[in-house]
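Look at the two complexes coming up: subunit A is in both, with subunit B in one and subunit C in the other.
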Partner chain A sequence: MRKLAVAAASLALILLVVAPLRLNGYFVNLIYITMVYVGLAYGWNIISGYAGYFSFGQITFFGIGAYATGFLINGLHWYWMVAALAGGIVALVLAGPLGYVMLRLRGPFFAMGMFGMAQTVRVLITATPATGAGAGLFLPPGSDVTSVYYWTLAVTLGAIALTLWIDGSAFGLRLQALREDEQVAGTLAVNVTREKIVAFMLSALIAGLIGGGFIYFLNYIEPDAAFSSRLDLQSVVMTVLGGVGTVWGPLVGGVVMTQIAEALWARYPQGYLIVFGGLLVALLILLPRGIVPAVRARFAAADE
Partner chain B sequence: MHVVQLVVNGLLLGGVFALSALGFNIIFGVMRVVNLAHGDIVVLAALLCAYEFGTLGFNPLIVLPAAIAGGFVAGAAIYAFLLRRLPGEIASGEASSLTLTFGLSFFLVGSGLAIFGGTFRSVPFLTGALYVGAISVPEAKLLAFVTALILALLLGAFLRFTPVGCAIRATSQHVEGALACGVDIDRVKTLSFGLGTAVAAAAGTLLSMIYDLSPQMGVEFTVNAFAVVVIGGLGNYAGCFLGAMILGLADELTSYYIGANLAEAAPYVLFILVSLLRPSGLLGRRVT
Partner chain C sequence: MSESLLVVDNVRVAFGGVDALGGVSLDVRAGEIFCLIGPNGAGKTTLFNVISGIIRPDAGDVRFLGQSIVGWPAHRIALAGIARTYQIVRPFSALSVLDNVAVGALAHVRSKREARVRAHEIVDFVGLGPLARRRAASLTLTQRKRLEVARALALEPKLLLLDEVMAGLTPTEMDGMAEFITGLGTRGIGAICGIEHVMRLVMRISQRIVVLDAGKTIAEGNPKAIQSDPRVIEAYLGAPVSEAP
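And now, the complex of A and B:
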């Protein structure tokens, strides 16, 4: 079973690496977008799945990463990957103080506070001429889809590796302890404030790195796209579908849902909202723990 | 514009915010559910009212009782068919009910767009104004304010003096205690969700006389109601009015002095600041 999984993963990896050399632009773009959504879902899963702080505004860091990357390319003429790396680090660093403040809120207050944070940053950027205001921030012409593809592949694989590590580490156990009961975790010598801020920063780093690639992919970014609550909804739906707080949940949910999201969003925006909103409601009632734990339970039952 | 004029506008707006927030507060108080679809119900009720006014010529005050009844049924159904069937927690605390209403919110926005389209609508009803010296009081705002106040007082009286209202208050104070006294918790929850949603629909109907609304604007009213409740203190019904007046004033003053663009962020910033600095609200006592 385990060997089979390793073989399948290696095969998938090889296919993903050679895909841009062999496939036409449409499929490369589709795989790229899938990796963006899967990566964002992994970022969300760290703070919301493992640490239990449901955030409806993690997209803030995607936008911050994108804008920071844009400034570094335009202002300092950095090579885009270096700029995107720096963009991710900017998101990580800003997440420190923001997390210190916002993570004092809990439950619905934190979720809605983060939503408000994303909206506030969006409003501020829209009102600032230096950021291109509502029209958006434009990069010098000339983008290279293949390099963005490999960048995002690396970030997403990194996010999966990070999640694998968290899942098996003492850090991951401390996060899950504070998710189950923060006060009890605190009395058991878990430094809850530090642990949850670290989780928040790692989550922000992933979103920021993906955002940095995204602005180079589009060659521009606008506030409404960079801080879109739709992307937050997508991360939540994908992770809930796959399994919140599991290693493979965001991947399974993300790959399945991206195809539906892409087919619907461009043609039927209202239909997209109805399907994604309705699906989230239905999933919570019918399959609350997600696909991955359900499949695992089925296999465990078959083994006995 | 005169400052007094801005204050008058803000307070009139606050009356309608207070009504919407009362509904949000009842649902939160009884069920500990933050209903993120609250604002979408407000907006859908407003758009429905605009539609009925535009095509059928119905007066908003005639639509109001129907909106209240429809909102009640819709809210009771949301509880009975969706929230009650949630099989416990997916991660922690209130995450699953919160996430459910998050999904419901997008579902309602999409439905609103499919039915009404993305255009802004309002009800051009009572477009005149009364003058007190140099201060103008738009008739529509005044009517919305007075109606909201009457409904809020009726709701307060219902909660205070009727046996059902007493059961609702008891449940929001202590679920196990209410259960021990023979309160049918499930029925109270259905009633409360219906009542909260009915109040949201009423607020929306009144707002349609004041605002141009489109289906995507629901989230603003959700944050608005959440902010009002947090400012006033959770479960504190009098605090709702204080919070709503503050938010109404903030809305008017920020749009005038710093521009409508930045003013959009005012409720979010107020919400975050009050949650952080005074989590029990301005009037509230500490709740655990």
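And now, the complex of A and C:
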């Protein structure tokens, strides 16, 4: 079983690496967008899945990463990947104080607060001439989809590796404890404030790194794309579908969802969203905890 | 022997004009089993919340090993050596029994693996060994009570606050718990047991007793003295008793 999984993962990895050399632009773009979603879903899963702080605003850090990257490319003429790396670090650093404030909120208040934060930053940037305001921030001409593809692949793989580490680490256990009951975790010597801020910062880093690639992919960024609630929501729904707080939930949910959406779109370009929405609702009713926990439960039952 | 582990000094907590604790003082020595008794609403849980750092007192001081711990965050108090259980059991439902206990063990080891090794010993010790891999949500009430104790023990505390650990147990289970609590004392761990009734056990396990009523200490002393204190009898039973021991 384990060997089979490793073999399948290696094969998938090889296919992903050679894909841009073999496939046409449409498929490369499709895989790229899927990786953006999956990467964002992994970022979200750390703070919302493991630490239980359900956020509707992690896209804030995607946008911050994109804009920071743009400024570094335009202002300091940095090579784009260096700029995108710095963009991710800017998101991580800003997430410290923002998390300190926002993580005082809980449950629905945190979710709404984060949604509000994303909108606030979007409006701020739209109103600031230095950021290109509503028209957007333009990079010098000359993008290169292949390099963005590999960047995003590397970030997403890194996010999966980070999640694997968290899942088996003391840090991850502390996050799970505070997710279940923050007060009890505190009296069991878990420094809840520190742990959840670290989780929030790691989530922001991943979103920021992906945002840094995104601006280079589009060659410009505008507030509505950088702080898109649709992108945010979709990565949340993917994780919920795959399994919140599991290592493989974001990947499984992300791949399943984008493939279904794409197949439906090809067949029913008019009404695909209606069918898609219906399918999603049906899946979530059938598998309320997500695909990964459902499959795991099936295997556990088979073991006994 | 006589150095105080914990000193609670004139602690006052008010909830919107009502004194939940109206100036309570007590002290616990290492290895001493101290019982805090009083009817429901007397302030036992509030006092535990103050000591474990969940509630900040409006006045007064709490000193542990000679240091004031008022205002410390809960995790720092736990690391210093005070562990507690909750009256209404609060397991980490989605985690396994083993991982529930491992969270506490992380106070002393770096990795999750080491924490699980330690947790295993404690889980076995409290008799939950066969259930170690089960989700905590699937435990019965008595098993959850034991899990509360196991998690607290994993912190390797110097002082254990046991909030109503007897409630809901059968008489046999209560005897087992009493034996366990007495065992804490012989291992040098101080304990405060908050207990509403079950006088038979209170008298057996405790060296000293404080009786709380409506947030005030109404009596303090050894079990014998408490048993014959007219104020206690009045607060508890409302009338004199002629109960044969």
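Simple rule for what comes next: the second predicted complex is superposed on the first by the 276 of 304 C-alpha atoms of A that agree within 3 Å, B and C clash if a C-alpha of one lies under 4 Å from a C-alpha of the other, contacts with A are read in each partner's own complex, and residues count from 1 in each chain.
The working rule: contacts are C-beta pairs under 8 Å (C-beta built on N, C-alpha and C of every residue); 3 or more make two chains touch, one makes a residue touch a chain.
Here the structure is a predicted model, which is why all the values come from computation and not from measurement.
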Partner chain(s) touched by A:Ser169 [first = subunit B, second = subunit C, both, neither]: second
Touched partner set for A:Val192, first subunit B, second subunit C, both or neither: second
Partner chain(s) touched by A:Gly271 [first = subunit B, second = subunit C, both, neither]: first
Broader residue contact with subunit A after superposition on the shared chain, subunit B or subunit C: B
Which of subunit B and subunit C A:Thr126 touches, first, second, both or neither: first
Contacts of A:Glu180 with subunit B and subunit C, given as first, second, both or neither: both
Touching both subunit C and subunit B, counted on subunit A across the two superposed complexes: 179-180
For the subunit A and subunit C complex, residues of the former touching the latter: 168-170, 172-174, 176-177, 179-181, 183-193
Subunit B residues within the subunit A interface of the complex: 34, 36, 82, 85-88, 90-96, 98-100, 102-111, 113-114, 219, 223, 226, 230, 259, 261-262, 264-265, 267-269, 271-272, 275-276, 279
Subunit A-touching residues of subunit C, taken from the complex the two chains share: 52-54, 73-75, 77-79, 83-84, 86, 90-95, 99, 102-104, 106-107, 110-112, 115, 151-152, 154-155
Subunit A to subunit B touching residues, read off their complex: 48-49, 52, 54, 56, 101-102, 104-109, 111-113, 115-117, 119-120, 123-124, 126-127, 179-180, 229, 233, 236-237, 240, 244-245, 269-281, 284-285, 288-289
